[in-house]
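Below are two complexes that have subunit A in common, paired first with subunit B and then with subunit C.
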Partner chain A sequence: MPNTQRYVKTGGIGFAVGAFFLWNYPNLGIGAALLGGLVIAALCLLYSAPLPDMIKAGLIAGMFGAVMTIVYGTDKPGVAIIAGMLSGLGAGLLVFQRSPQANPKKAAILGAEAGAIAGAWTALALLLTAFVIAPAAGVDAGEFAEHLSETVIFADALGLGSDILILLFAFAFSTLSAAILGAAACAARSLPLRPNIPLLAVIALPVLLIPLIDRAGNLLLLDALIPIYIFILLALGLNIVVGYAGLLDLGYAAFFAIGAYTTAMLSSPHLGINLSFWLVIWVAAAVAAIAGLTLGAPTLPLRGDYLAIVTLGFGEIVPILFRSLGGGPPSGTLTLRFFGMPIGIEQVDLTGGNKGINPISPPHLPFIGDFEPSNKIPWYYLLIVIMGLAIFFINRLRDSRQGRAWMAMREDELAADAMGINVVRTKLLAFSMGAMFSGFGGAFYGAFIGAIFPSSFDFSVSIILLCMVILGGLGNMTGVIIGGLLIQGADKMFIPKGAELFRDIANERASATGSSTVGVSALQDLTQQRLLLFGIVLVVMMLVRPEGLLPNERRKAELHPDDDTINSNSVAAEAESDPSLAA
Partner chain B sequence: MLQLQNVHTYYGNIHALKGISLEINQGEIVTLIGSNGAGKSTTLRTISGITPPRTGQVLFEGKPLNSVPAHKIVSQGISQSPEGRRIFANLTVRENLEMGAFTRNNKSEIASDMDRVFELFPRLKERVAQRGGTLSGGEQQMLAIGRALMSRPRLLLLDEPSMGLAPVLVDLIFEIIQNINSQGTTILVVEQNALMALGIAHRAYVLQTGAIVKAGDAATLREDEDVQKAYLGME
Partner chain C sequence: MAASQTPSSPQAAPLVPREPFLTKRRAFSIVGLIIFLGFFAIPIYQTILLEMWDDPGQLTQQIVIGLTKGTYIAVIALGYTLVYGILELINFAHGDLFMIGAFLSLIFISLFGLDPKTSSGITIFFSLIGILGLVMLCTALMNAGIERFAYRPLRKAPRLAPLISAIGMSFVLQNLGIFLGDGLIWDKIADGLGSDAIGRVADAMGSQSVAPKNIPDLLPNGQVFFIPNSLKYTYKDLLVAVVSLGLLAGLYSFVRFTKLGKAIRATAQDRDAARLMGINADRTISVTFLIGGALGGAAGMIVGLYNGTAVFTMGFTAGLLSFTAAVLGGIGNILGSALGGLLIGLILALSDQYIGTRWSNAVIFAILVLILLFRPTGLLGQEGGQKA
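Now for the complex of A and B:
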């Protein structure tokens, strides 16, 4: 019985999560942990139950909105509005993915339903936060009301004096915007356009509105969102190398480092060269692309595991190089012997060694002036422009001759050669194109953070990027973006904020019961367990859905060969009945 | 059209082709027969530039091919259906064929060539949206030949087109090879199934451990006693 199996599996996952929390937060009380476990188990069961697609899509997308609202809601209830919009958009796209519609009108109705369900989840999470979680975390009603009126936008403009009214307004706004965005997204996807401009507009709307809502409600979401977007940009570049060309690169962070260090060296007082960011970002991309070629050239004959090892080594060498190219004793002469002749080279502190380079000059634009570290909005829009261009360019690249050459090479290098494809060029181009996008990412990162350190470009960065690509769906850009949002979202938003919330609740309980154990131990801190959580998610994903969340069609076919059994049987039968084989 | 003059090819230290000379004229079907390891596939790899010769000359329409890299051979007018077919298993039949026309740009010409391939192999047309890996062995062979035709070659190299196929399919494939030839494509076919190959070829070369031991009319070689004993299984 496949259905029973699904119930057992999903129920098991829910139970495991509940047990994890129970073990992790003993001072939350068994009741709370059991309740959490039961809720998650119920959600898992609901998901595996034979429900209409719109309910499932609304459920899945709404979950993210709900989690976002819960982790942020206690001190920033206004987040519910952004969470509602995003979950509605997600629900609309998801419901179309599950049951495609040809008729835009029907699609709009379906999307509205899914969006409303997702929005309702988010809104319910807001109510839950207001009446259960915020009090549990030690935020009293008056304090919460203050948060509410501060962070819920339009509340003042509408003259909503009472807290209940504001709460209801946020509730309605979240659900309504989710339904509208869901309907718009689903309807836009049903249009047979290529490129689908309405769809892009629907997706762009919340993405472009976020900074304004963020500022109006003082939500400070951009601090987390910008690094998330940078990582997505990097993952898109890595997807060219791994997803399109099939070259496993375990040292991709090296190119990120090269982009960032190029920017830091050329655009800071450190070396006295202070070029404009607008020039340096191109230089950084070009330097990274050349670095891609220098990695690609010696690894041309390597494939698969061997290539992975070499790229791994490259990824280790680059940060070490940056660490050792500076930071030594100030001024001194390094003497090299060249065929016995001593040559004195004045030692220059190129990279600042372990201390890194600090500060890096921000971009400057007329009217806006220097981009300030305190005002994230120009940074956000600049990054959106860079990402938009990158997505457009990569999309075109994939559909071009070059993209087809990558596909052929990934499938079978020798056959590609026989088709007249220059495999050497194709491979080098994959490496340099992939590196180029991480050069852009690195340049922006350097300028945004305003300082760089060799430790920011560890092996773990390469691995996290690879996880984003694989989790989302190798070779599928939308999948990679979603994978990036999930992993980076968890890393930079959900886990740290969730840990804060849990700590507050635990503290509150401790003080209420007069217990001496205050807070949570380091072992119980969710942020300390993020790698454990990623590990579990990856293991489960690879077992359950190895092709990723939104797979590339071809990858899916590779990983699920069962669908082809009828035909491969006929091949075997044909070979058996063939006497010429024996001859 | 194609001439090999005293070609020596090595795999590292292994001397695979020991001074091969052969000639293919415009419009012919020429076959290379021989047992396993005789150097048949190596000869094709030498022509297509995958394993270039160490010494000797490969001339195509009078121009030397020795130093032309493999990927440029296709645009010179030679294409091959490689050993083991090597179709792109995860690409559809149509995409496989499009990949065969990679070096070309004229879309309407490519489309008309695809129609021609579908005329030759109606089975492929039925399976146009199916993934290459899901085709049967015979269909995969058809696809490999069709894909090689998509570059509009003047010389078509076929490596073991009968490999792993049922006898009835072998007949069909060889019939189609003759058909392609009659439409004006010169063909060099490497085969273990010597009887079939000699049946359709105009001329033949017999390879043994890297050297040509016999050459001549296909019909004459078919009657040759040594050939009959060694390759046709007749006493």
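Now for the complex of A and C:
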């Protein structure tokens, strides 16, 4: 019975995680650790069990919301509402992915059910936070009630006096909004329109609302969300190079750095050039595109892993250049000798060396004035506009003659050449287009952070971007966005906040038992397990589902030439045999 | 690797005529290179050459340092070359395995309680030999395990898949380095087992898991020869060079003269044909990974003792250096990799001295890019250009 084996496998994974918790966080107490392990094991079993799609989709999407609620909930219980909305939206889209409906009405019902499950789960996580986790982390009831009334929006307006009422309101609000969004998303997906404007509207709604809820509840989520969006923008650019054109680029962060440094040099007091951001962002994109061409031109004959190594080298050299072209003695002269003649070269501090360039001028708009670092809302909407345009253009580009040429070249360069595709032009355009979008990202990043350092552009950035593209599905934009949300969400929100929460719980426990708090070892500190998590994601994805979470059709076919190569793995086999996923 | 050592059979005339050397693209690159050299490089060259000329003692010293470094770079490079020769896979995890080797040697040194002040020379000598063996065994088994679980299932997948899996394993190993370098974890284990020896490991690691670790200076520091103001060559340098060259020679003769070595060469040349000849390809690949891992671990120990520090990111830089060395010499070719390692060590030392340490990585990469562009087969590589 293949199912038994699957249960044993997934249950085993769950119990292993539980055992890890038990060994690792003895401060939590055996009960809590066992409970955690059991919950995870139960989730694994549920995932592998033959449940209706609606429940599965709701659980998977709700997982995201529940983790977000638990991680943020102690300080900011109001996050549960945003988490509920997002997980409801995700559940609606996911359930349609698994069982497509032709009838919008049926789709709406299905989506509402899935969304309600996701939302209810998120809300349950809020209750868990209120009654179990917050006390464990040393937040007493009064403090938690204060957080609750501060961060749950509309609580004041409705005049909800007691904490339980606010909690119930948050529960209901989260579940209801999740159900509505799930229904709307699923119904919109079922409409046979192209482009599907209603679907875009449903997705845009929570994305546009987040800053307002954030402001009203004082959640400060935008600090993490904006860098996440920037990285998604970069991943979309990388997707052109790796996903569409099939050129493995391990030095993509170099273009990001070039965009950011161009902005920094042209729009800061550092060199005395202080151009407007609206001009500089185009210059940065152009400079990055030219850099893409310069990298692309000499690497034309290289393929596969050799190309990967050269791009990796490029990605290493660029930050070294930025680090070394400045930061030296203020007005030193470097004397070189040319056939005996001394030549003095005046050293200009171009890039600020290791200290980087600080400050960078923010954008300026007529009615808003300078974008303030403290007020993230204009930044957020500006980034949404940039990303919307980028997604639109990349979408059009993919369907254009050029985009089809990229994919043809990815599948078989020789055949594409024989079919009359100019391979040189196609490759160069892929490099420069990909670099251009990271130029935009870099320009925004520079202006948003207000200062840049060479250390923000090292190899790990390139690799994280590649992880995002691979996890989501090479060549599929929706997949890349989802992969980006997952990885960047983990990197910038869940891992640091979760580590904080674990530390609080451990400290609380230690002070309760009277033992002195010792340092946190690497096994207990989530932030020190980041590399491990990414590494495992990369390896497991390659073994189980090399085409990514949401695969591009053609790539999927390419990666699964026959089922024999991966039949050892039940999950991949399930994905293959599941007709809804293939549709 | 194999192609370079077996006498090549007379080849049939190629169906496609050879590309002329001076294609349009190449001509452009060459003109560009000349312009670049004229404007930027020649003044810099001249400055550097004159500086070298002014102080020959310093130059000799740098060459000696470079060659010493080159020997261990060559040992790491061999790990890349072996794996690339047999699987055509850039084993990104190899550099990190080297780092694990350095950490393991520190762990074993602390476990055995070796101390340059208290332990006698003979104890240190025999313990170090034993530790070298242990480290090599551990890293060899790890490498073979990585191959078994992360690469073998992807044998038939497109080439991107094992490469990305290798990058993932490299991250996993780096994080393992963080765990191994965390004194608090070792403390916990020591408390649990009540063991003093493990307590010493905890002390050696300290409480900061990501901080660089100090490895006790166990190698003799006496001088083999010494010329005042110019040259200093210690027993430490000599020992590093001798052990590294010994490993290189051992590996070369293993691959060249033993039956298993022959199997490795055959599998590298044509896996299916080797299988038809009765060679167990999977086992041969495992053996290759065992050997590569052992070399990586040995290099880690040598470098750790030589430099006196280990840090969890050291694998990345060292890996890139030695990969460059392998490509420079001709990846897949054992002698080529050894030569490449020596050259890279030399370039590294000279660039550290005359251009500036901060530029060294850029110089190495520039060399890597230039080799890949103009001679992808490397210095000693043969016709394997289709891989590029």
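By our rule, the second predicted complex is superposed on the first by the 548 of 583 C-alpha atoms of A that agree within 3 Å, B and C clash if a C-alpha of one lies under 4 Å from a C-alpha of the other, contacts with A are read in each partner's own complex, and residues count from 1 in each chain.
Just so it is clear, a residue touches a chain if its C-beta (ideal position, glycine included) is under 8 Å from a C-beta of that chain, and two chains touch if they have at least 3 such contacts.
Model, not experiment: these values are computed from the prediction.
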item: First (subunit B), second (subunit C), both or neither touched by A:Ala141; value: neither
item: Contacts of A:Ala42 with subunit B and subunit C, given as first, second, both or neither; value: neither
item: Contacts of A:Phe314 with subunit B and subunit C, given as first, second, both or neither; value: second
item: Touched partner set for A:Ala408, first subunit B, second subunit C, both or neither; value: first
item: Touch count on subunit A, higher of subunit B and subunit C; value: C
item: Touching partner for A:Met542 - first (subunit B), second (subunit C), both, neither; value: second
item: Touched partner set for A:Ile463, first subunit B, second subunit C, both or neither; value: second
item: Contacts of A:Phe534 with subunit B and subunit C, given as first, second, both or neither; value: second
item: Which superposed partner A:Val423 touches (first subunit B, second subunit C, both, neither); value: first
item: Contacts of A:Asp305 with subunit B and subunit C, given as first, second, both or neither; value: second
item: Doubly contacted subunit A residues - partners subunit C and subunit B; value: 558, 568
item: Residue numbers on subunit C that touch subunit A, as the complex places them; value: 25, 29, 42-44, 46-47, 50, 88-90, 150, 153-154, 156-165, 167-176, 178-179, 181-182, 184-185, 188, 207, 209-210, 316, 320, 323, 327, 356, 358-359, 361-362, 365-366, 368-369, 372-373, 376, 387-388
item: Complex contacts: residues of subunit B adjacent to subunit A; value: 48, 50, 69-75, 79-80, 82, 86-91, 98-100, 102-103, 131, 133-138, 147, 151, 162-167, 169-170, 192-193, 233
item: Residues on subunit A engaged by subunit C in the complex (per definition of touch); value: 248, 298-306, 308-310, 312-314, 316-317, 320-321, 323-324, 335-340, 343, 459, 463, 466, 470, 518-523, 528-532, 534-539, 542-543, 546, 558-559, 561, 565-566, 568
item: Complex contact set, residues of subunit A against subunit B; value: 401, 404-405, 407-408, 411-412, 414-423, 554, 557-558, 564, 567-568, 570-571, 574-575, 577-581, 583
